[in-house]
């Protein structure tokens, strides 16, 4: 018999705010009713702001982020096209596998799980591609498996410096809405995210930002697709309707989640993620443990993957958190299984919640055999959160 | 300012029962948590009962029914395969279009919108197919656009009588769970449905019943697919987990909806749909109007498409219902636009709700210019519902 | 196993609108938190508008309307005080009983259940009361048991014409917010209502409108009271806080319900009740049955009590509605048991819902043995609702 | 703009568990419907188990705990009756004031706010009362203002040792369901609680346990009462119905809350409260601060009142918690204002939540000027919670 709050610190699905939950708990409605169009259009308009795009087109597909990946590929590339990407975590690995399955020629650069996107290596390959055979570069903005955020602006610069015309695909599933993401500034052609991370809704909606260049590519792309056809979506959504039965419930949640983001201000949302994440990182340092991210500059503001000490099984940490303390941490995926546990710190979050995560992690680590001092991580985070107050006060006053 | 219940009589998304709504309104959870597997498996087991299959595999894909259609095709057929189907309504038309897009050779039989699946014509074509070029027959069990239910058992007999090995695809989106559907008895290989019709949940989950024969075909099928890959689903779901982030919310609703179906008894659910639908049909007859279905034997128990009198625009009927009476009817789709309005009568329904639909329809028809006598349809339905009581009492007592 | 909407046509608790339900489904909060005061004050301000008072004080007591009755009495009267009232239904009977229990000398006028407040008789008694022994006149604005609305303005005139100083107590439980109620214009001193009728919330909050005259009386009243003490409420509520733990959940619902009333406009809300009620009355007339109200001018816009034909037991009508049609009608109370069933038509309601009530009542009446023609009442109501459209269109356009 | 969980650590209303919230979010229903009686009776039966009474009668009154206090008094005592009680906190003070208002002669013993019920002093007074003038002894089981739990068994022994016949009234508002409470064993005659504490529901329902002796007293009691009349309740509730409109919503919540208590096991619920409370107390000790309770044996398992150091204003601690950390602590009431802040730790709670409370309290204390070491209290609580695991494992296994 579990009692009390189920403390959820996986890197998604994230905690859905109360008012978003309430907004979703509505009776079914006619998705062809006369008011529905304006409702949809307001969501798309606000999602554009979250992607920071004015010229791109936002698309919604019932499905998961994986489905949105597929939509991005099948609508804009052609069978056999060569794409360039790095494999440095579970999600970049799965993306490469999908690209292969869908018939692309995938030029993979394998680097350490914990490294960021290998911009120099990309640059070298792009520069060498005189014939323009590379049709797209795929970058995982935030590797959820390792807690690594890569530098998309640098990849854009690499493309530009090489005068290379490849499309830039970015997996922003665990970054959009939580980590600075600039679709237009960075020239992202296909930005992929889902409803269940920074957008604070349940899973069930794949979301795409599509540049005009990508829209153009979709007109001639010859890959087979039907459900995920951009053209169908674009045609019907002009008036706010869908080519399929939309998940109206999640759309209502999305509307409210976007209201929240607008009320807090996107910049404030990003600053909050940065501040809260730093507290978690200081706790990890106070424990004497290392994050999976190879360098502080790569550390993600949405998830921290923590290497457990030798002799400790990270699966025990997670199991103890779940069974004894009603707390869910993210597990180490694939080759990181047992070596890493992850604290998701994105979406609807505050200091108290991060301190809960840290305090419970300390207990679970100790009970799993780690030599950690109780309260040490908590104290480090508290010192940071308290310190941050003065500076933040000014910001907050301005925002409210 | 709208007041009172929003009366929803579209043929899906259907009214979600209160307890299903409540079951969905839960905080997010770790879909990799240790309890999650058993939860998923219980849903799959109960869905098999709804499909009436013991040997088939049920699969769930976040997405719409359209997505499930695509999954069925891309996993079991090969590029260029010839498939046989009829076009007799909007949904069969869209299905044929999808098949073409995905690279199949579609052998379409165009018949009247209002006709049922042309079993004799199928038979003739199958018999003529000596080389076994037809790889699949696609049948729309319940054409939601016309309110026509086709005879799947007869199609199976046609295949068997011809000793034809084609896969049998059935679109059961608006029939499974509401109209008798027998996957094993009828030898259905790919049964497609969605969460938002007879299963009384919001839209967002495509559901497939896959026969062992279809599973076998999927091992060699060479169509490109990734998100909808059967193999991925099958592997992870054996222990109750998903290859993607599942929409846990809808799964909780589905669990409760299945509890409801189990409590009422699937046979009773089907009998209730038949009884309530007959009341609506009697109302239509009392108005002197015709259903879209060409013959009473084709009349659907989940939706009735009603032809409005000459000089009346069905769009006005729908608009008046919506604007003045807070009531949503289904519109005439494509070539039926303006000629037909539809009353959806499936899912969580009772006599009072059907009488509401009929009474409001009478007002909307009259205000749109039809020469209908107030109360005439209501009286016809009441007489039927009241008459049905005695017979039903015995059934009900047995069931409770 | 019940399926579909539970059709609720009791005269309260009434159907709670979806958004009100959602507004109530919030986590607990600190009712002493800094934001709470403004929240409470906004509710009180809007309730004053519903009571149509600018000078009165609105008070809220966790409890039922019965509790609010007690609060009104014990705060303003003295032991042994003589009060004047009529007994013409179950609720006026209970009120008289309470007054006696609390130690008042109750001067009761017994009239027919179905009659309105006996203004002339009141006048006669007040005129005869030379010594001013009558300290209060109690009037039931809307007798929920009989569906009779009395003329409060006339009672006020009677008091004024006699230059009588008695306090005017009005039971507005089933009228405030649904039937025109004018606390200031009518000089009502103690107006009592509850959360669960026209205010569209669940039961649990007794609501009082207290005139300045009544506030003054409360300063010297010597009846024993503690929980319901006006002074405690008045003192703490000045800043929006409560002398007890308030039911924050219902307060959130009330806030939203008042938003709805403000959005529709109180005058429009009252007009809607009048229009919908008239449809129900026309159905009753079409059935050839009589309302309990003795004269059309007394007919309540919130509830219609219907006399069943001889030989029919109203309890059967109610039972059949409930068991067979998932529909709740109000029962005949006390001496009306078996002779009357009631259709509540107040709160969040529309035409379709009234037609449902009528259509199901027809079935239940027939199945209980009444000789009623199916559809007859429905048709009469439809004709009225349709006719009312033109006139209303102008009103509505003005309102929106 | 507040983000993340609103951390609620006031000593009530407590956090309502998710499933209880969901259970309450139901449409209105007919509280006179045929199924309603059994529903009510199941709640009363389970509440008896929580009160640990087999011979007593449980009663429910829409209202707050204050209302239930009044019901207890007015139904069983007579005007002018002498009652014995101690004043040692805000709630015992309010209770004494109510008794006076209602016309009792209150024999008050004033002791320190932080002391427990003065059993010896009670004993002395009872022994001296040769004429049996003391009609009742009032004891506050758990003084919510000071976090002090008194020894009711000892008070009962005092009464018995004196062969005194006074009724024993116990305020169990913040103890019943969270701290061991034994109505029958302790011979409690009137036990008062509310829905919003250990019973994990919103405020709105006053709950009484009434002994047979008290029931008998109510037959002859001459205090004025109406709304709170025991006889009315007893008569109608025999079949599960109410003499007033019950708050059905809270009743549904109560049903689910009782299901939770039954599933966890009342003994386990109490053990959990004891264990979690001890962690909070160890944190307070680690900070070098003192609880309000004068002696460890008096420390409440539901709330800890913490004295802040000289020079620190407890109101600042509370304000900082609320404004900066979205956390609500209880304030110091009346004479404790500014000197004390309170951490409520009752109801639906777990270790992570207590650690959150402690961690946020540390930050708020430090920011309010206290010289507290970050993490010190957290570490002390962690050490206790972790240590408790082994012993508890056996218990838990037995329970599940």
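Think of it as A, B, C and D in the order they're written, each chain with its own count starting at 1.
Simple rule for what comes next: a contact is a pair of C-beta atoms (placed from the backbone, for glycine too) under 8 Å apart; a residue touches a chain by one contact, two chains touch by 3 or more.
Chain by chain, the UniProt names read as follows: A, B, C, D = Aminotransferase class V-fold PLP-dependent enzyme.
Please read these numbers as outputs of a predicted model, since none were measured by experiment.
J.: Select the chain at the greatest separation from chain D, using centres from the mean of Cα atoms.
T.: B
J.: Which chain pair shares more contacting C-beta pairs: B-D, or B-C?
T.: Between B-C and B-D, contacts are more numerous in B-C.
J.: Roughly how far is chain B from chain D, going centre to centre by Cα mean, in whole Å?
T.: Those two chain centres are 53 Å apart.
J.: Averaging only over C-alpha atoms, locate the centres of chain C and chain D and give their separation in whole Å.
T.: Centre-to-centre distance between chain C and chain D: 35 Å.
J.: Whole-Å distance, chain B centre to chain C centre, using C-alpha means?
T.: 45
J.: Mind pulling the chain C residues that touch 2 or more other chains?
T.: Within chain C, the residues that touch at least two other chains are 15, 25, 27.
J.: Quick one: in the complex, what on chain A touches chain C?
T.: 18, 22-23, 25-27
J.: Applying the document's contact rule, which stretches of chain C touch chain D when the two form their complex?
T.: 6, 8, 10, 12-16, 21, 24-25, 27-34, 61-67, 69-70, 74, 79, 98, 101-103, 194, 196, 202-204, 223-227, 229, 243-250, 319, 322-323, 328, 331
J.: Under the stated contact criterion, what part of chain B meets chain C in this complex?
T.: Residues in contact with chain C: 1-5, 7, 15, 17, 25, 260, 263-265, 268, 272, 324-327, 348-353, 355-356, 359-360, 362-363, 366-367, 373-376, 378-380, 382-383, 385-386, 389, 399-400.
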